[in-house]
Each structure stands twice: as C-alpha cells, then as structure tokens.
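Input: structures, listed below.
Shared between the two complexes below is chain A, which pairs with chain B and chain C, respectively.
Our next item is the complex of A and B:
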C-alpha cells in the first residue's frame, strides 16, 4: 500500500512522469540494441556523410567515416546509461560511506573527512575528470571511476548532515543503550532514515555523469572502442559547418536524457519528502 | 639538381646576398611588396613542447623555431642547394672533409656576431649530440681555420648530396655559442625564448595561445623581412581554424590547417588559396608500425598480413577526402632522386592477409579471433583517430582483435617512442629527399633510441639492412648510391615492420592577400623572411 502511495506521489509530478517514461524508453532501446543492430555499431557500413533520410538504410544518416548514426545512437544509449548509473553508484558509495562515518563519529574523523571533501571540491570538476582519465587511460571503467571520484562530495555532505541530525535522536539512543554496535546503528538504524534525500541527489549525479562523459568524449578522450553519444558529437565537430546533423542528433539525445533524469530527480524529491506529502 | 649543378652554382658565386631566393618566387607574387603589418599564421597541429627543441621534437617545434633560427644551407624549390648562413661548401678530393665558407656580417638577435666558433659549437654540441646525431655517425670533428671558415671532417667518404642535405636539415640550426655553452641544451631556458640569426626575433610566448615574433631590424638579408610582426597562433581544432581564417584573424595556415571539406568551401569564397606546394622536401606520411618486441611479429608474414588487411584507398577517400595516396614504400613517390615503384606491394587483400596469418600458425580460435593487439593511433592529428577506426575494422575482419587507444600528443610520444607500449601504432613521418638518416633510421639498429621521438620504435633491425645503410652512407657515386637505396626499399617493404599507409598531400591555405608563400620545398620549416601581406 505504501509503495503505491509513493508511486502516486511521484506521478503527481507530471514532469517526473514524462521523464520516467522517456528514460524507460531509452533503457529499453539500450537493452534491445543488439537485437535491432546486431553489427558492431562502429563498423563502416556506407557512404560517409549521408544526411538523415538520404538513404533509407540509414535513417539518421552516416558520420564522417560512413558509420550508421542510428546504430551508434542506440548502442551509445547503453554506454551512456551504464556510465551514468555506475558513476552514480561509485559516487554514492564513496559519498555515503564517508558522510556517514563523518556525521556519526564527529570530532577529528569529521574534520579529516570534511577537509578532504573540500580538497576535492576546490578542483574544477571537469578538469579533475580529464586529468584522471589522461593518467589512467581512456577506458570505460576509468571514466566511470573518474566521474565517481569527482561527484561524491555533495553526497557525502548531505549524508553527513542527515547523520548529524539523526545520531542523537531517541531511537538511536535507545539502540545504543541496548548495546548495539556502531556499525549496526549506522547501517541498520540511521542510514535508512537518511537515505531519501541522498537518493534524490544520486539521481542527479546520473545526469551529471552523462554530461561529464560526453565532455570527455567530445574532447577526444573517450574510449574509442565504444560508441557513446559524446564521442559522436566530438567526431562531428569538424564537420559542423557542412554536416551539422552529426553533432546535432547525439546532442539532442544527450539533452533529452539529462533533462528527463533531472525531472525524475524532482519527482523523487516530491515523493520522498514528507513535507510535500499533502501538497 | 645533381651534386655537380649545385657545386657549379656555388663556384660561380651566383648568389648575391640580397637576391637569394628570388629565383624561386611563387606564382602568387604580385606588385611591389608592402612593408609593415602583422601576419598571423597557424598550422594543422598543436602547440609545441618548447619553442625550440634541439633534437627536433616533431613538426610543431620545427615550425615555431624555424622562423627564428637559420641553417647553413637551404634547398630551393628547383632542387638546387644554396647557402644561407654559409656562402658555399665543397668537398675535399677524398670526400672525407668539407670546407664551408660562412656568410659575413650575420648577427644574432642579441647583437653578437655569428662566427665560425658558433658553427663549430652548433655542429659539435647540438647537431652531433641531438639534431643530427643519427646522421653524424662518421663525423670526426670540425675545425675553424678562421672566423669565416669551418672544415667538417669525417672518418669515411660522405656523399655530397648527403652533406648538402645535412646543412639544410630542418633543425640543423646555427645556435649562439654564448647562450648555450656550458649548459644542457635540452633544458636551456633559451629554448623557450630563442636567440638566433633569423628574420624574426622572439618576443613572447603566451602558452595555450600564440608566439609573438617581431622583425629582426639587423637581419643579414638587407630589406627583409617586409613585415613587422609574425604571430603563430594555435587553435586546437580544424573547425576553429577555419572559422578564425574566415573571420580574418589568421591569414595563413600550413600543413592542413582546416578539414578537407572546408578547404573547398574556403577557396570557393575567392578569399583564400589552397596549394599543395611547399612540402616537396617534407613529404608526410601516415605510418603503420608493428612492435617487434611482441613475439607475434617475429614472422614476416604476420607483419605483411597487417598491411594487407588495411584498405588504404578507403582511408585516402574518406579520411583525407582524396588529399592522400596509398604509400608504397619508405621512400616517398615525390622523391625524384631515390624513389622506386619496384618494391614489394602490400595492397589491400583481406583473403591474402588471412591466408598469411593461417600459414604463420595463427588460425582463428573459438571466438573468431587469432590474437588481440593494442592499436595506438597517435592523437596529434584528428585523422589518425579515424584511421585507427578503419584499421581496427580491417584487422578485426581478418580475425585480429584490436583495442584502440587514441592518446593525446605527449602520451602518444611517450607510449610509442619511450615506453614502446603498443603492439601496432599509427604515427606520422615526414622525410626529406636524402634517405640517410631520416628514412633509414626507422629500420636500422642505431635508429633504436629509447625516448627519442620519430625514430625506430618498432625495434626492427637486421644485419643485412644495417650493412646496406652503412654502404649507402659512404657511396659518393650518385648512380651506385641510388641502386643501393632501391635495394633498401625492396628489403624494407618485404620486411614490413614500418611502412607508410598513405602519402599525404599537405595543403597550405592562405588568404589571397598573403604574398611570397609556399616558395620553399619545406615551407613549414622555412624562415618566411620574404612573406608580405597585400592590402
């Protein structure tokens, strides 16, 4: 019953509903990509620079080398969503761990954790990502790690704030007086209560991660063995005067996906925030 | 164009100081030169690691340093060698020493005279150790009988074409002894603010943006340069360069400044000209090399198969829009002195590639792959990444798994030439007509120099090729020498360790206002002393 109430509250935000539907479609396309386009999407299959509609075999045209843009968009959805989800997972894992420990224990643990978080925050995010990718090498895993490393600080701060406000509540003190260990209290008692705002933030990190990956690929530092949207924009950049569709199509895909992820974040906020429950 | 012609030219003293170069003026020249003004130039690559790199360091530092530094000699558009900082040179009867007469009245940018002491220092400390180390293997020493003469001595006979080419070598500059003596030339701070003899004086380097050079008022060619300032601007991508040229911010771009479709578009506006002239002595190629340290490449058939799997015509058509032709061998086809078409041909033939790999003992395994290789496409040109994609596809079609990486310029140089961290690599070479050592050093054991860019990174060497190159070095009879170079081309194409995929047709795009450009067979590395801008 409670679950349906949650869905109802989420659906009350029309934007979030649209966002969720679009993202589901994108996810469906990503999952079924190999069925519709069984060939390697990076294969050269036709004339270079065919405009969308010029050849019925290539609905969205071909890029500067003659690769099918539709196939690259569809397969690119996989890479793009995977990077977004995994980078967000990495960031959430790091952020929640550090934030929880800092907020729960306080004192010098908190000091060290928050000063190091500030250290990460002072470095411009994109430059930090590029640096890590250049040093570790341009593979999908390294890009995910790099985005995770730069995106964990807001999550850590949010988690810490929640923990600070929850750690001295009666139910926590009750657990303590019953002799429950620190780990048990953190994971079993406080974390479930601290999680809702963190989930909202994590969903926004997914959108941010997609943008980071696009920027990295646009600058030519993406994984050249994988079709991703940002890479397609980067490849088309040279031809923007003559064949602008090569940049525009993946650019629109990135824009719609990121927008929808943000809408979902808004919807989650509405659904998870008890204060908005009766709006 | 033969050695005899060049000797006669110098002997006749036909090159009066102020007239040098006038015979090679290009067809673009019109009217009286206009004086003053600023020229903004760019090139089809990125910013260099230093303004001047004693060991060369690739085209980028060559482009930036060649406007400041000068060489002893220069090869003209018509193939004749002429003096620049030297007035003439001639060999001794045994070809084991050459006497070089220096130009009088040349001053460095700081006002000090250039003398034979600077030339001796440059040859001993810069050429021998860095710039021409691989060319000067038989070098014994250089003496300066007086302030205007040096005698360069060798332990073996040195062909005149080789010696003349040496004096014109793209980074065989004359550097000031008083600036470089007693320091490590590699780390000397003057490399980023050079003091030299050329038509342009270094003013500043705004990193990430541009070099600013100003007119050398005391230049030894009276009346030159015409212009007051030369700016070398770096724009990261070709589309940006095209936009900057259209906006009038950049007047000339050498070495493929804009993407091929933009070349046609810019020329169609009537405001720009595009020319393939000016690259005859620096023909560029996109090379493909295998790392012999990987035991898979021990068999010659496997190396040949790599080349047979690559569709070079398709690369020429799609990546270079026709501004390239499939390469046949290590000596490029515009090289009138030494090129031969009669070599082992690694034409596109996937079936043959597959058969060669089968025969070499690498059949397809269960997953359809024979083996997997790391392909590194050097990211200094955007084209290389695209070629990487085509090469990957070609090799995968014959059952060779490929992990493609396209690192940026510093990482590419490090991974190919220092760490040898690749199985197969796509890189670039630009070679002058003289094959020793620029071309031969990619195939000899003394070309394997860890950490030195654009040398033998594949690690290929055989006693046969080493011995042949030694003979080419000392053969002073031009006809016999050519026969040996032909033999060299046959062997290296058969061995297939490192061959050009394509010979590139480099293009200079310039505003129609720019005069006296593209008038040197290696225009990227010319001093541009006579360039001017019409109003």
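Our next item is the complex of A and C:
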C-alpha cells in the first residue's frame, strides 16, 4: 500500500510523469536500435549534408559524410544512456561505501573521508576526467570510471548524513545488543533505511554523467568506436556555417534526456519528502 | 557598534587562519593524487618528447632521463616535485620552450576573466530571476522563470555556445565567432587602450553566456526556494508587524539571508566553473588555460597538465576562502558564535 501511495505522489507531479514517459521512450529506442537500424549507423548511406525533411529516407538529414543522422541518434542513445547509468552506479558505489563508513564510525575515519571528499571537490572535475581518460586510454570503461570518480562526493555526504542520524536509533542499538557485527548493521539494518534519498541523488548523477560524457566526447577524447551524442555535436562543429542542424540535433537529444532525468529526480524528491512539495 | 565590528573582524581573521591551515593538506593531496595518476601513464612523456623532436641518440636520451629525474624511484620524484613546487618551480615545458609556470601564467588571465564574468552573470541573473519568481510565486512569471531555468540547467554548455555562435555570429553577425581580440585590430590587449578593452569585452559576451547561464539556472532555483523559506521565518513576520512594506522587508531582511545558500553553492562549484571554462575555451578559441590544457593533454605534455591541476586547485581553494569570508560578512548570526 505504501508503495502505491509513493507512486501516486510521484504521478501527481506532472513534470516528473512527462519526464518518466520520455525517458522510457528513449530507453525503448536505445534497446531496439538494432531492430530499426540493423546496419552500422556510421556507414555512408546517401548524399552528404541533406537537411532534415529534404529526403524522406533520412528524416533528420545526413551529416558531412552522408551518414543517416537519425540512425546515429538512435544508436547514440544506447551509448549515452549506458554511460550515464554505469557512471552513476560507480559514483553511487563509491559514495555510499565512503559515506556509510564515515557516518557509522565517525571520529578520524569520518575526518579522513570528508577531507578526501573536499579534495575531490577542489580538483577541477572535468579536467581530472580528461586527464584520466588521456592517461589510461579512451575506452568506455575508463570514461565511466573517471566520471564516477569525480561524481561520488554529494552521494557520500548524503549517505553520511543519513547514517549519522540513524546510527543511534533504538533498532540499531537493539541489533548491537544482540551481538550483531558492524558490517551486518551497516549493510543489513541502516543502509536500507538510508537509501531512498540517496537514490534520488543517483538519478540526478545520471543526468550529470551524461553531460560529462558529452563534453569528453565533444572534445574528441571519447571512445573512438562509440558514436555518443556528444561526439556527434563535435563532428558537426566544422560545418556550422552551412549545416548547423548537424550540431543542433544531437544537442537537443542530450538536452531533452538530461531535462527529463532532472524532472524525474525532482519528482522522486517530492514524493519522498511530501512536506517540501510546495516549494 | 565598534565592539561588534571588531569582534566580527576577529572572527574573520580566525576563519581565515583555519582555512589557510586546512588548505595545506588539501594542496598536498591534490599534488599527490595527480602526480600518481600521471605516473600511471604507460611510457614516459620523454618518449613522446624525443619522438616529436626526432632525438634518437641514446646518450642524449640517457642525459635527458637524468635531467628530468626519471631514473629515481617514484616517491623520490614526488618529493623532489613537491620541493620544487615550494619554490614555485613547476618544471619545464619543451613545447612552449619556457618554464611551465610561465606558460600557465600567460594563459591564466584570460581564463580568470572568463570565470569571473560568467560567475558575475550567473549571480546577477540567478538572484534577480529567483527573487522575481519567489515574489510572484505560482504566477505566469514564476512559471516562465522555472521553465527557462530547467532548460538552461539541462543544455550542454558547449552546445549552447555553438548554437549562439550560429545565431549571433553567423546569421546575425552581431558578435565575433571566437577568439579574444579582432585579428589585425589595434586592440587585443590592455595596451590597445579603451578600444582594446571594448574589443575584448565584445569577444567575451558569448563565452560568458555559454558558461554562465548553466550556473544562473542553478542559482535561480536555489534562490527561489531559499527566498520562500526565509520569508516564512519569524523575524520576517516581526519586520512586517513593525509596519515595513513588503518590498522593504524583501530587500532588507529576506534577500540577505536568502543569499546564504547561493553563496555556499558558489563556493562548492568553483572547481566546476574552472573545468567548464576548458570546454567553452575550446568552442570559442579563447586563449586561456583550457586551450593550453587541451594542447598539453593531446601531446601528453604532462608537466604542464600537472601544473594546471595544481595551480587550478590553488585558484579554487583561494576562491573558496574568499567565498567563506563573503558568507561570514552576509550572515548576521556570525557574531553570536
């Protein structure tokens, strides 16, 4: 019943509902990309620089080499969404681990954890990502890990705050008096209670990760085998005088996706904290 | 009054001292992390450097290895690097053929100019829009502001920059496509006089908008909810009960307190703004640290990359301390502490 009440509150937020529907459509398109566009999206199919609508075979036109932009956008959705999800997962894993340990144990453990969070906020994040990617190689895995490494700090702070407020509650004390170990209490008792706000933050980190990845790919440092949306914007950059749509279309795709993820995050936030809904 | 003033000044000095002490381990951490990261790189930058300059003589290479201290174990290299940093020696950049610090300082002013103008724009737009939205809450204006903020919060800055180039530079021809000064013009530097400064400002408009509007969107959202929150506090009701008008209360009581969360976020995001300028500099061929970084990263010129990281973090820490002091100046409760 509680779950339905939660869904009801989420659905009442119209923006969040629209966001969720759009993201589901994007995810569906990403999953079914090989079905609608079974051939390599990076192969040349027609005349170069056809404007959208100029040729009914290529709804969104073709780029400077004569590649179908729609096919590249659809396949790019796969790369972009996957990178966003995995990078957020990496950030959540690091952030929850560090935040939980810091909040639960307190003392110097907490001090070290929070100082390192400060450290990672000091280092200019995107510059750090670019350096990691250049040094370790432009592969999908490295990009995902690099984005995760610069995105964990807000999650760690949030998890820490939740653990601080939960660690001395009666149910935790009861577990302790029954002789339960620290690991058991952290993972089995406190974590499930601390997770809801952390999940909201993770959904926002997905949006941030997509923006990060698009910037890395735009600068030409992305995985050369993957046509993510950021790379498509970068590829079209030379032609803005004659064919600016080549740049514009993938950028719109990024913007809509990030916008909808943010809407979902806001909706989850409202649904979890009904008191704050009117702000 | 003087008593309260001097106690505030004491508190500010205390804060400054604490922040400076905390900055030392922070800087050390930055250096160690980046140094270790760069040493994870397969092969040394020396290989690229010698390949680029077509040096193949083994004796020369051995001499270079010795000069750059690559024979030493990593920990000793790290200690030597930190020691050199303490003397403001960031190493030598073979590509620019000058000390790393000179290469960075040559590019730093352009980046700082872009950062400062973007932050100023973000604060001005964000605070104004947030105040309007909160005073006209749940009206047409509130909706317009919130929708605009949502869009600018989601648009990638580099893409926004390109789209603005298409509109304002290519189609309308109002503003330059990129660069910092008109090529062949009299300007291009402060030496160009008033005309030169105007020329730079003319080139600054689009990059500032591209970088600043994203942050303006964030500040708008924070400012709006913060204004609404502060407006419900007791002291605001007291001020209204004293007979002050709604506008007076908003300006003198609510605004100042509502600014605090915006200032906090500004401090946290300093590193992000610096990093964001890297991308924007690439879009607009802005001759700042970002362009230098991009060139150095692509050519694996690691001493420069490391130097930019260290100096960039130093800029961030300094800006953070400044933000802390501003926060203290704004927060009326600080005297009680």
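Just so it is clear, the second predicted complex is superposed on the first by the 273 of 279 C-alpha atoms of A that agree within 3 Å, B and C clash if a C-alpha of one lies under 4 Å from a C-alpha of the other, contacts with A are read in each partner's own complex, and residues count from 1 in each chain.
We adopt the following convention: a contact is a pair of C-beta atoms (placed from the backbone, for glycine too) under 8 Å apart; a residue touches a chain by one contact, two chains touch by 3 or more.
Just so you know, these numbers come straight off a predicted model, no measurement behind them.
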Superposed partners chain B and chain C on chain A - clash or fit: clash
Contacts of A:134 with chain B and chain C, given as first, second, both or neither: both
Touched partner set for A:259, first chain B, second chain C, both or neither: second
Which superposed partner A:207 touches (first chain B, second chain C, both, neither): second
Partner contacting more residues of chain A (chain B vs chain C): C
First (chain B), second (chain C), both or neither touched by A:34: neither
First, second, both or neither for A:218, with chain B first and chain C second: second
Contacts of A:64 with chain B and chain C, given as first, second, both or neither: first
Touched partner set for A:239, first chain B, second chain C, both or neither: first
Which of chain B and chain C A:188 touches, first, second, both or neither: neither
Contacts of A:119 with chain B and chain C, given as first, second, both or neither: second
Overlapping contact positions on chain A, where the chain C interface meets the chain B interface: 134, 221, 237, 240-241
Residue ranges of chain A in contact with chain C within the complex: 115-116, 118-119, 121-128, 130-132, 134-136, 207, 211, 214-215, 218-219, 221, 230, 233, 237, 240-241, 244, 247-248, 251, 254-256, 258-259, 262-263, 279
Touching residues on chain A, where the partner in the complex is chain B: 40, 42-44, 48, 64-67, 134, 137-138, 220-221, 224-225, 235, 237-242
Of chain B, residues touching chain A in the complex: 237-239, 242, 259, 261-262, 265, 314, 318-319, 377, 379, 382, 385-386, 388-390, 392-393, 396, 402-408, 411
Residues of chain C that touch chain A when the two form their complex: 25-26, 29-30, 33-34, 37-38, 40-41, 150-151, 153-160, 162-163, 165-166, 170, 225, 228-229, 268, 271-272, 274-276, 278-279, 282, 293-294, 297-298, 300, 305, 308-309, 312-313, 316-317, 320
